[in-house]
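I have placed the structure first, in the form of structure tokens, so that the comments after it can refer back to it.
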Amino acid sequence: MNELIFFFNNVIVAGIVLGSIYAVGAVGVTLVFGILRFAHFAHGDMMTMGGFIAFLLMLGFQAMGISVPFLPTGFVVLPIAMVLTAIVALGLDKGFYAPLRARGAKPVTLLIASIGVTLMVQGLIRLVFGSGTWSFFETEQKQLIRIPVPLEGVTRTINFTQPQLLMVISTAIAVIALNLFLTRSRLGKAMRAMADNAALAQVSGINVKLVVRVTWIIAGGLAAMAGVMLALDVNLKPDLAFNIVLPIFAAAIVGGLGKPFGAIAGGFLIGFAETAAIFNWTVLLKPLAGVLPFDVPATLAIVPTEYKLTVAFVILVVVLLWRPTGIFKGASS
Amino acid sequence: MSILQRSLVLFAGLFLLFAGVGFVLGTANISLLLVQSFAYALIALGLNIQWGYGGLFNFGIMGMMMLGGAAVTFISYPVNPEFWGSDGPLMLGKALLALLAGFALIWAVRRSDRIGIRGGWKTALTVLAWIVAYFVYRSQIDPAAAYIESIGSGWVGGLGLHPVLGWLFGGVLAAGVAYLVGRICLGLRTDYLAIATIGISEIIRALLKNMDWLTRGTLTVTPISWPVPLPQDFQATGTSIADSFVIARLGFLAIVILFVVVAFYLVQRAYGGPWGRMMRAIRDNYIAAGSMGKNVTRRQLEIFILGSVLMGIGGAMLVSFQQIYDPGSYQPINHTFLIWVMVIVGGAGNNWGAVFGALLIYLTWMISDPVSQFLFNGLSHWTSQAGWGEIPDIQSRASQMRVFVLGVVITIALRYAPRGLIPEMVKRNG
Amino acid sequence: MALIELKSVVGGYGGAPILNGVDIAIEQSDIGVIVGPNGAGKSTTLKAIFGLLTVTGGSISFDGEEITNAQPDRLVPRGLSFVPQEKNVFTSMSVEENLEMGGFIRRDNLRPTMDWIYDMFPVLREKRKQAAGELSGGQRQMVAMGRALMSKPRLLMLDEPSAGLSPRYVIEILEQIVKINQAGVGILMVEQNARQALAFASRGFVLASGKNRFTGTGPELIADPEVAKSFLGG
């Protein structure tokens, strides 16, 4: 039983946390793709930027002595960081993507432009913050939550940190809010309409520019949220983006580009797959050592931890070969 | 002004720029920059084939360059007798057998419909076969790797052959990987190809960084030999140290330029011929070309492999030249996106443009570091005088500045010169 | 004054112009039908009105106001509406959501207009929660027309509304178009089923090579032996 709880902590809890981060990130990618039809590579850097904006806000709050009981300040500033990142996202669009669209550039050109934006944002962040690692919990304590399991002979507890709990709750709230927005509000429906058939949306008199702006606001806000969640869970570093852009795009593609709910499913799929792949299955197999026909090795992970990255990629390739537009039949440009 | 005149003016300007930088930094430094920038020119030609001719995304250039580096290390590094005298080769042989057995199993399962296994059962069996093959291989390679890492210098060493053979092997290795990637991904849409190539190159990086038994990983391998005499060889015959570097590097440069010229000539000829016309047709109108009976995916596979070969060779040259193979030093910015900037700024679809872009951007990239350091020092001087204190970590900040500049260059180029400085001569549709 | 008036309109997609001087004028009470051989510029004329291609010569006015090269987001609020021939529904959205998107520019209550459309096409009320992509061709055409009517247009433009439909639906769609017109909406449509459409057209325009060849009421054009011979297949 203790082994099962160890498994629960290391695969289920960790998978939910990682999956939430990927899902929130992938939704932004998928929305931008749905509306603007290009793979926005700078999304990972919008996440990093959101994380650093929140970090600065936290320092500001702490300097002014503002704090909220029971909540880490890094989490308290999240809404402000989301708004600021959304504004930056609008600025990036206006400065770099909108002129290209106005010229009638192909989506491929926009994709390359987003690489340029990636480099600029990354360069700027490193220029200001250097290339070291920053933590949201220098002065505050990261609280650990332990839940005892009321069963005979169980000594292990189910463990997770308070930020992890908060981020899972916020992910749920964000997903529900997004769902309501897309299915209930006029603007949200217009977004879906434009992702479905941009030409007809234009013919219907839908304000295309407004929809594009809303898309960037949502994508920027969600990017900040994912970035802050990641930074709260692990820590903040400027090259966070490169490590996360692959699993996030994999999640968005696996779920079908342009499909927000597909992206959420894809995010959790990849999150769970990654944690399960690097889990040491020996822990679960050891109690069965006598029954199994083979010796249980000391460590038995599906892939060594260094190759965690390959998991997202393998899932991506398998899904693309099996269903070229993703599990939920995504858009094609 | 015609494109030809413009190219002449641009190349003349580039020559002056190199001469000017050489005057300031000294002959030894500029000879180093020249060797590296021509190696990058070869890689840029590779990307130009893929992107400029074929319209194929490759964001995995770094992976191809790393493969080239690993190849030249393996071929040209001296033989490691400790490894060959141990059980290592035998264990590796077993691992190889296990790998082959695994593939045989998968191949057999794929043909299982002949004995009446179909549909869901076949899929399930295929998945099972992959899993079994994977674990059988792991059961052999893991102990082999652990064993090799425990003896002597902890890796297999090299074959002690000529470095140029290593460069060519780098091309072959890159071709093999490109074939696999292409077979899997080329049928997919462009955005997916971009992601897939990024993924592949990250996986190659993870593998080469962590397979210590094969590449020594982050422990790095050095010295890797040159195909021409080293500066030390010239010093031994009494040449002054400063001159020895210049002479030796010029020798290396001659070989690199020879490779670039040959590759350029072949690529240029192919582009003018029927093969090149077909490639342009496919790039500009994928569907029409397909409906005219051209085997689009096969042509794209050819082009993907060809471009990757040049990238592998270029990557091998750079490792050879620097004499050190450090898998930890590879970054997508320096090894993938830098080359994209070269091709976009130079002019995608024009080989002269690609070479021009490579030389210009590499020089800019290399000198922007000291220049921004100089600027930062000035700024720091000013801030400390103003009483705000000095700017901390000038060195690392200055080197980040050039990443920012690279991004600015891409976006400006896309906006104001979308076809590059020396654009493609043939009209591009769309 | 005519509701919409095209004066020697010239335009195309950048290359050689497809329209070489088209003249059209209809009132709000009219049903205008454009017929002509393939490549005559029929659909192009509608797209030119709706700002979907560049007009390089001549002028287009709507209700006395110049609208040459105006974009849809300006035209829809003025009372123009367009049903494209293909891809004219949001396939992943429900019938009701499709209608709502048609009323995107309106701030008032959409319900009465929606009920009017459901009364016109009762099958849509039944299937209002179903995704438009799951409907049959004829039902999709109804959704498309309903979507266009949701903005309460004064002029409804339809590009081959009966294309690819079974004869049963062709008649139903054409009958509904007459009803829409009787409710006070001007109609300008392109039609392949020329005879059927001209039969109830109050204004008919025969285009060839991007120019007007014949203009008159529908019955006049059908009766004209030359029109019948060259454009209506005898």
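For reference, chains read A, B and C in written order, and residue numbers begin at 1 within each chain.
Throughout what follows, contacts are C-beta pairs under 8 Å (C-beta built on N, C-alpha and C of every residue); 3 or more make two chains touch, one makes a residue touch a chain.
The structure displayed is predicted, hence computed values, not measured ones.
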Chain nearest the global centroid, as defined over all protein CA atoms shown: A
Farthest chain relative to subunit C (centres taken as mean CA coordinates): B
Length of the line joining the C-alpha centres of subunit A and subunit C, rounded to whole Å: 45
Interchain centroid distance [CA atoms averaged], subunit B/subunit C, Å: 56
Rounded Å distance, subunit A centre to subunit B centre (Cα mean): 30
Residue numbers on subunit B that touch subunit A, as the complex places them: 55, 57, 184-185, 187-192, 194-196, 198-200, 202-203, 206-207, 209-210, 332-333, 337, 340, 344, 393, 396-397, 400-411, 414-415, 418, 430
Residues on subunit C engaged by subunit A in the complex (per definition of touch): 50, 52, 71-73, 75-77, 82, 84, 87-93, 97, 100-102, 104-105, 147-148, 151
Contact set on subunit A toward subunit C in their complex: 186, 189-190, 192-193, 196-197, 199-208
Subunit A - residues contacting subunit B, complex: 33, 38-39, 41, 96, 99-100, 103, 105-109, 111-113, 115-124, 126-127, 130-131, 242, 245-246, 249-250, 253, 257, 304, 306-307, 309-310, 312-313, 316-317, 320-321, 324, 332-333
